[in-house]
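A single structure is presented below for examination.
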Amino acid sequence: MIKISKFTKNIIFYTLMFLLAFLFLFPSIWMVFSSFKPQAQLAGDISSWAALLPPLNIPISDWFIPYKEVFKRFDLIRAMGNSFFYAFSLLAINLFVTSMAAYALAKFKFPLRNFWLMMIIFILIIPVETNIVPLFVIVHRLGLENTLLGLLAPNIANAINIFLFRQFFLSIPKELEEAAVLDGANKLMIFFKVVMPLSKSIYATTAILTFILSWNDYIWPVLIFADNKKMPLQVILNVLNNTEPVYINQVLAALTVATIPIMIIYAVFQKYIVEGVSHTGIK
Amino acid sequence: MEMKKLFGKYKLKETLLAYAFLAPALIFMLIFIVAPIIASLSFSFTDYYLLKPNEIDFIGLENFKYILEDNLVWLSFLNTFKFIIMVIPLQVGTALGLALLINKKIKFNLFFKVSFFSPVVMSLVVMSILWMVLLNPQSGLINAVLTSLGFEKQPFLTSTTQALPTIVVASAWQGAGYQMMIFLAGLKNIPEMLYEAAGIDGANKWKQFLYITLPSLRNVTVFVMITTLIGAFKLIIQPMVMTSGGPKNSTLTIVYYIFQTGVRYRNVGYASAITLIFTLIVTVFVMMQRRFLKEED
Amino acid sequence: MKKFLPILLILSLGISMTGCGKTDNVSNQGGTPETKKATEAAQSTETGGVVDLKMWVHVTDETDEGKVYAERVAAFNEAHDNINVSVEFIPRAGGGSGYEDKINTAVTTNQLPDIITLDGPNAAAYVDSGIIAPIGDYISKESLDDYLPSIIEQGTVNGQLYGLGAMESTVGLYYNEDILNKYGIKPGSMDNIWTWDDLLAAGEKITKGENYPALEVQFNWTGEWKIYAFAPFVWSNGGNVISEDGLTAAGIFNSQENAEALGFIKKLVDGGIATATPEENSFHLGKSAFMLNGPWAMPDLEKNYPDIKWAVMPYPVSSKTKELHVPTGSWQFAATSQSKHVAEAAQVVEWMTNTESVVAMTNAIGMPPARKSAVEFLPAYQEGARKVMLDQLAQGGHARPVSPIYPVVSRNFEEAIDAVIYGEDPQTVLNQKVQVIEREAKRKK
């Protein structure tokens, strides 16, 4: 066997690593850079490496023309505002409701507990798409059409969050709670004063997942709202992608804009994702 | 009599408190999730046609007889299983591999982590559209790269044999980053001591991986595999956007077929019957994973 | 655990059945008190002698099409003191989802507006389900005669008129004049329409000479496109897709005429003249001599590819019959059966498709006008490629089949074409698919 020097080894290793990173990055690179290009250049570049370069031949001030155009055609700001509003409203209710339920399922002994657990796992696996008509009928019967509650209702007690919270709560040592009991705190106080502060990371994880769930939803808002002004960003993106003339550069500009909030959220909460996920996964 | 027995094991106060905690979630869940599921499953014994909600007739097992004759049901089940069998090893393997690479103390660690994670940020629809453009057999970037490297152009999504594997790769590519984070968390939890001890005993890196890393990651791996399995069962967006189930139904998945039957053909009754079968199969898998959910009291 | 299941079952059934178990209140205008409330909330109301009508359209008001709808409705309200129309713009994503989901759920909850828009082939299913009402009696014969025959055909079910559209669409054979000149090929025209054999001969020559597929045709587009664009081959050859009542396929869908028509597609692919995976815009880039495409391709060609010298000839016809049949179809307006003011709603439908509306629509989005009288206001449609499109529509426009099981027919037609493109034998494929359609039809009979 030939002895390879550590230096050469390193070079090979890092070259491979950068290649691998590139494999994961290049579609995003393509999306962003293409959104700066005029339609014809975008199409011309697609079959060459130029596809992964910014349009260096045109002044930077012109890079944002597709953005200007698409914002002129569609009220993306309003749609994005709606999306944020819906996502944060859902977060506020959902995290409270699901974590309370999960705590009961994790730490209390009571009749039917295993039944509810099985039900949650079961729900986790049934795709929502197959039940949308009866769901609409119910929402309509309850008079929740065109309301915020009607939009949020199906996602308020979502199974995946209850599941993740429960897995996390199971990993909190009993001793902590027992100590609080000795101090005279009741279960309710324990939940708010002891468990919640200990669980920041799982709240961050579920918050992110819920935010993305809400951010990406599009069939339900169309059904529940009649007013175009209430539509979230995903709906408008779909309209944009299906409204002739379809300009790919404008679509990509809109997609880039739509991806930025999620990117920022991941970047900010990166630390918590790993922490939160580690407990749920390992238990 | 039974009530007494039921409560015998439990404290009343704890039970009441538990249900107080559960109540908001249960109410929303029963009304907005469980009720629609059960309603739609009960439609499987009817001829419910979406546009005639006032003429629903009970037709017994007609729909199920029809399933037996419907090749597309079986084809779509088969495609779904093929997808599951391919995507689980690929995605979980990729995620584990990436986690192991990043877990070492290497330069540019953060850059690599962000790169591997970047596809997760995209929504499934965005990801699917992107890959569609990139994989265009004539004008796509991927084939341009292949030809410049001296390979032949590939049909990818337009070939009956390559379309499903292509969707597998695109899905794994998108999902691996998130699971890499989970593995990374798992790796961080393995005590350094174990490796040190193994090092003293003279175990090489490969043996350490085989006898320390892998067993320590067992629970994480099971968790990751189950979440992948659940996601894979529900596969619909990628084939819907990238291939519309084609070519020649080679990427028609079961949930996509249910969706087509219920929404495009408007045969809600029949779609519900397929859903019922699907649900039964899924339930079997749920039962299989019960062991994993049982917590040690 | 077992005890709880029945409770859940009853609970959920209770909720859902009160939702959709009402008896036949589509035809019964009174309905239960609850229905009435819902109907009043959603639909027309009369206040001080003014009839309020609600209309749903499938585009948002941000689009050019949506803007025309908004303008035309405003003009209608201006012109009619006794009727007031309000529009809701409902976003539509790919394949009609979104908007059509909304219609479907509105049917379930009795909340349809007075006027809706619908895609051409949906008419039969909507009539079959009692969703839309006949409007023929409310519109003058003179006005009806002004529409292209294909518009009337598309909106007519069981001999009654239900829907009218403002625009048409079709597919023509684009050709590159320079390439045809190079090979000394004389293009077809309305007086000398190319047959399949003409196209095959020219295609073969150019494919061999240029070493690329001579014909760009989107065999890779999915969904409605296949039956829309290629059913005319079948009709031109004397075949049909399904019976008059839309419920018999045996002997029709798998007729010899149809097999021959699909055989023509097979010849195109086998000869390398067209491919299953065409390169996007190869015609635009001068890398194919022909393209089968609709008028929507024209603005892009004119604006972005000025170097290409192109023109359009009519859709090719069967060498056997030489009969012209061309694709047609568009969204149309219809009055709903749930509306209490069908007469007024019909008035709105006519207004939205009158000459002025048609001209505005064509100017906004460039599709062929649905009325003959509109042409004099549209210079672009008086000559050249657009005139060819319009002429072939007037002479050979053939609407897609009217059938309550249309989606299944469309899917199986698409699957048959795909199978042939991928090398299977036309007759065998058609024989297989006919069984699937027959089985579906059996459930509707």
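Here the chain labels run A, B and C in written order, and each chain numbers its own residues starting at 1.
Note that in this section a contact is a pair of C-beta atoms (placed from the backbone, for glycine too) under 8 Å apart; a residue touches a chain by one contact, two chains touch by 3 or more.
The shown structure was predicted, so the numbers you read here are calculated from the model rather than taken from an experiment.
Engineer: Both chain B and chain C are touched by which chains?
Structural biologist: Per touch definition, common to chain B and chain C: A.
Engineer: Quick check for the class: compute each chain's Cα centroid; which one is farthest from the centroid of chain A?
Structural biologist: When every chain centre is compared against chain A, the largest gap points to C.
Engineer: Distance from the CA centroid of chain A to that of chain C, rounded to the nearest Å?
Structural biologist: 37
Engineer: If you average the CA atoms of chain A and of chain B, how far apart do the two points sit, in angstrom?
Structural biologist: Going by mean C-alpha positions, chain A sits 16 Å from chain B.
Engineer: Among all residues of chain B, which ones touch two or more of the remaining chains?
Structural biologist: 31, 34-37, 39, 50, 136, 139
Engineer: Hey, what residues on chain C touch two or more of the other chains?
Structural biologist: 15-16, 20, 94, 97, 101, 104, 108, 280
Engineer: What residues in chain A touch two or more of the other chains?
Structural biologist: Those would be 118, 132-134, 137-138, 238, 241.
Engineer: What residues of chain B sit close enough to touch chain C in their complex?
Structural biologist: Touch list, chain B to chain C: 30-31, 34-39, 42, 47, 49-56, 66, 69, 136-139, 155, 158, 160, 241, 243-244, 246-249, 263-266.
Engineer: For the complex, which residues does chain A have touching chain C?
Structural biologist: It comes out as residues 39-40, 43, 73-75, 112, 114-115, 118, 132-134, 136-138, 140-141, 218-219, 222-223, 226-228, 231, 235-236, 238-239, 241-245.
Engineer: Going by the contact rule set out above, which residues of chain C touch chain B in the complex?
Structural biologist: 8-9, 11-13, 15-16, 20-26, 94-95, 97, 100-101, 104, 107-108, 125-126, 128-131, 220, 222-223, 276-280, 282, 405, 407-408, 411, 415, 418-419, 422, 439-440, 443
Engineer: Considering the complex alone, what residue numbers of chain C touch chain A?
Structural biologist: Touching chain A: residues 1, 4, 15-16, 18-20, 59-63, 88-94, 97-99, 101-102, 104-105, 108-109, 111, 280-281, 296, 299-300, 304, 365 of chain C.
Engineer: With touch defined as at the start, can you tell me which chain A residues reach chain B in the complex?
Structural biologist: 13-14, 17, 20-22, 24-25, 27-28, 30-31, 46-48, 51-52, 96-98, 100-101, 103-106, 108-111, 113, 116-127, 129-135, 137-139, 142, 153-154, 156-157, 159, 162, 170, 187-188, 191, 212, 215-216, 234, 237-238, 241, 248, 255, 258-259, 262-263, 266, 273-275, 277-278, 280-283
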